[in-house]
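Look at the two complexes coming up: chain A is in both, with chain B in one and chain C in the other.
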Partner chain A sequence: MQHLEELKQQIRDRLPALDLVIGWEAGFDPLRATPLFMRQPDDVDRLIIGPQCVHNLATHLTGLKGRKIGIVVKGCDSRTIVELLQEKLINREDLVVFGVPCSGVVSVGKIGRKMGSLDYVEGVEFSADSVTVASEGVQNSFALEEVAADKCGRCQYNTPLLFDVLVGEPRPGDVVDDYADVATFEEQPLEARMNHWLEAMDRCVRCYACRNACPMCVCRDHCVAQSRDPHWMTQEDTVENKLLFQIIHTMHLAGRCTECGECERSCPMSIPLLLLRRKMNKEIDALFDYRAGTRIDATPPLLSFKVEEEKINERGW
Partner chain B sequence: MAAKFIAHTELDAWLGRISERYRALVPRREGNAVVFRPFDPAMPVELKARPTESPKAAVFPRCEALLAYKYEKDPEEPGRVEVEVAERRDGVPTVVIGGRPCDAAAFKTFDRVYDSDRVRDLNYLNRREMTVLVSLVCSKPATTCFCHWMGGGPASTAGSDVLMTPVADGHVFETLTARGDEVIGTELPDASDAQMTEARKVQAAAEAAMGEPVDVGAAREKLLALFDDAGFWEAESAKCISCGVCTYLCPTCYCFNITDEKFGHEGVRLRTWDYCMSHLFTMEASGHNPRPTKAHRLKNRVGHKFSYYPSLHGGNIACCGCGRCIRSCPASVDIRAIVLNAIAAPAPRPKG
Partner chain C sequence: MSAVDATELRIVGFLCNWCSYGGADTAGVGRFQQPTDLRIIRVPCSGRIDPLFVVKSLINGADGVLVSGCHPRDCHYSEGNFYARRRLEVLKKFLPILGIDHRRFEYTWVSASEGQKWKTVVSTFTEHIHQLGPAPKINREALVLARTLAAKAV
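Right after this comes the complex of A and B.
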């Protein structure tokens, strides 16, 4: 937190040359932050940084094309910016990236399960490695590790990969993500896996928060799920149709998903959507040795063409 | 009207008996979400946590077939095709147990639209007449609750057929309508005087916990005055991601889409939930869209609830203050803040 004032100053210094800077401010309770769009110097006073700043603000970038934007990013969020730049969906010269090294963000879902209810959060305190939540006069402390988003436990990019301004000390990321969660899931029989998804998708309300929160889901108003002409998908809300949409979403993100987890975080029905995206990324990693948004100068494999892929034996059948 | 008592230990058995006569929808925890499902003795009922979704699907399903159709060629005259249309109207007697007083009040918002002098939506009314609401008093308001701004309250009886109040060992069930009496029946023991006293205390404490309501009556005129203030709406909608969480979880949102889903020569006409946050919501056949940006769309959502609907429906606001749109919004957009900002905004300069 000691870097908050420095970040505010950096933003104030650059704001005159920008249309706006996106960061976070306190939300409706101390555990819930909310995106902050800073246009005037006064707006910067409301800025916060900390483990409650969960949103991947890069989601907003494609909707602001053509404007000069400043954006505050954590390491994982910077992967999204790298991917968006590689796909030429945003312009680097329109962007000022304020990077903040991160030691993990909280999962409101996990804290909710431990607390029983998050309807009455009165106060939250963060230390370097713990979070204390006060609710209904009771205080509960948790190790940050225990209540952090799953993605934080496997994050190698605590320091943003790309930035114009870095506030705070770079943090090394020394974890290896071997897709163990996907591998464990794959050990289950096929029928069990299918049942898992049918059960989870049964509570989908087709609100499309997963789609709109996804920074790489850029078809937006022209999404296959709702297009009327052609009428690609039925509006029937059978569980099979809802799963079909998620499979389409997953396939569209193969090798593009930077695993920020906004799909899963945004789902009001707590459907574990990130596992689907990670399954596809695991395959892309195995085939192309590539993880989306991690190599600034690379071309994503599904945006390129090689006569012979190194890991696909195309003529050896 | 009666007041009965059901001990915690007896609740499942009672729900089992209700399930024999009705589709009994109860809140159940799935993952971190609490959703309404038909009672299943093997699955615990979740009465403590506030339901993630509203029980509106009981009367207004997410998807329903309004009619089925079939094209048939005339064998005598193959160039001539006839269409056979069969209207569909279904529904089963339903009891919703564990919705909140705000949820029950919200059904009134639907009634004014679907049961008016001009329009009677028979599919809706058919289900509405078959549905009984047993509402659970909220013993403590959440940080996102503002039902009292909307004229409701955590122990309000408006719209409910039965009010259930949590007391130490169980729940007191007070019937409010003949339909409520029919569901509760006479088999249960009457609530004792002590239980009634306790229930009244719980209700009074819940009401008191809400604090002073905020008067948002000025929103109606102010939102109209701000209609052309694009700057205001762009700022208010900046963080919105234009998804449908707020509308789909909202107990008072009632918009729908109609699509014909044809497979070969047969098809169904589906009515599904629609939402004003969607680009397609007002897309016209010409290709023109009067609400091209999320700012236009969010303006409609807030304007509809707090200005246009009250103008059309006797001053009633189309929001019950349940706070689901705030709590489940991926970006924590707070409709209370938007309404208050609108009221506080300087009056736009007159044009010209």
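Right after this comes the complex of A and C.
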């Protein structure tokens, strides 16, 4: 990445005025990056950017409200920041956004399935459109497209929508997201859909990683999943309880989810959670022409109304 | 008209205190014949109805859910039902991906004076639910059955 040095310099320049800057560093192996919290100029040396930087770092912002924060964002992450600003969950003046145009991030799960193992990866090399992975003495090359996260294939926001500093060349995003995956899933009969969710939710271990990784889940200690008053969910390990939790999560994200995919990525049981969020977003888009995190001055559709709704058919009986 | 009938299904109704609950009362005072499948829960406003009330009812075994409030522009709290309209419409559109028939959930507007309309709403909705039959259960037995079906398909 030829722009890494430029980004590091920009961060060093601004660090004295900030409490911390959030970026990525190499994790326990070269394929897996991990969030990096830079407080000292020395910390900046460990910064990396590249297709292994999958985390949506905006997840950390609401917990750090009130402090001066710098953050490195890809295009999709910038949508989250727009949405958080729109809901006044963070303050713009406390934030310095370092934008990095992105050409897609890898899905560790996909690479693992192709390699046949998700174990320690000894070496990774990224080129413009391919990735070479070495693990347990085996070396494989994949096209970046083939192992990219699903969200990257339909991404229209390669360049951040909002930034103070942009490092690198802006990339145009010319893909149209027509929610084809949702439509394909819904071609199945109702019964098959329910069976699909029953089996998927049965795997759920209620670790709440999906909730904790979600940048828009901001209730923190007041989450209805753990509240006794109101007592929405029991402690029972039943499939209906776990399904209800995911519906609660989806409903609370209605018109707010920016589809960063952190819920699905963080799920240890590989439950396809993003499909539910995307279905919700599809309907919100159809009804209210609204996509979360794209307009900073908009009001989320479920927090507003029109006296005459154009696309809602008033059901007369 | 017996309260317990073998063919009776479980329908949950969330009614706004100011209009539809009054409308149902008017229907009762007018002695209109209506089906008895509906269990009414009275809420202060249709804007008070969290879409999750509906979802939880459906997951926990309701065969149908009916929400009714004041006509738009007639809300006792000025705009509660405008918000409700958006939420409920979104919910109705969302249900199919879960494998829940969206026809099991309806929302409508009935004012306190519309006893006759209330009768029509309840009768029509109950009739629809009876046509759909009992809702598939969402529980461990359903899961076991789903697994058996999946195993057979392979």
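As a working rule, the second predicted complex is superposed on the first by the 311 of 317 C-alpha atoms of A that agree within 3 Å, B and C clash if a C-alpha of one lies under 4 Å from a C-alpha of the other, contacts with A are read in each partner's own complex, and residues count from 1 in each chain.
One rule holds for everything that comes next: contacts are C-beta pairs under 8 Å (C-beta built on N, C-alpha and C of every residue); 3 or more make two chains touch, one makes a residue touch a chain.
Please read these numbers as outputs of a predicted model, since none were measured by experiment.
Once the two complexes are laid over each other on the shared chain, residue contacts for A:Gly116 go to chain B alone; chain C is not touched. Once the two complexes are laid over each other on the shared chain, residue contacts for A:Thr250 go to chain C alone; chain B is not touched.
Within the superposed three-chain model, A:Glu191 lies in touch with chain C and out of touch with chain B [touch as defined at top]. By the touch criterion defined above, A:Pro301 reaches chain C but does not reach chain B.
Once chain A of one complex is fitted onto chain A of the other, the partner contacts of A:Val239 are limited to chain C, with no touch recorded for chain B.
Legend: residue contacts after superposition of the two complexes on their common chain; A:Arg14 is shown touching neither chain B nor chain C.
For chain A in complex with chain C, the residues that touch the partner chain are 182, 185-186, 190-199, 202, 232, 238-240, 243-244, 247-248, 250-251, 254-255, 275-276, 279-280, 283-284, 286-288, 301-302, 305-307, 309, 312, 314-315, 317. The touching residues of chain B, counted against chain A in their complex, run 30-33, 35, 48-50, 52-53, 62-63, 140, 142-144, 235, 238-239, 241-245, 247-249, 257, 259, 261, 270, 272-273, 275, 278-280, 294, 326-328, 330-334. Residue ranges on chain A touching chain B, taken from their complex, read 20, 27-29, 32-37, 39, 55, 59-60, 63, 109, 112-113, 116-117, 119-121, 136, 200, 203, 205-209, 211-213, 220-221, 226, 228, 231, 234-237, 262, 265-266, 268-272. Of all the residues in chain C, the ones that touch chain A in their complex are 51-52, 55-56, 59-60, 72-73, 79, 82-83, 85-87, 89-91, 93-94, 96-101, 106-109, 117, 120-121, 124, 136, 138-140, 142-143, 146-147, 149-150.
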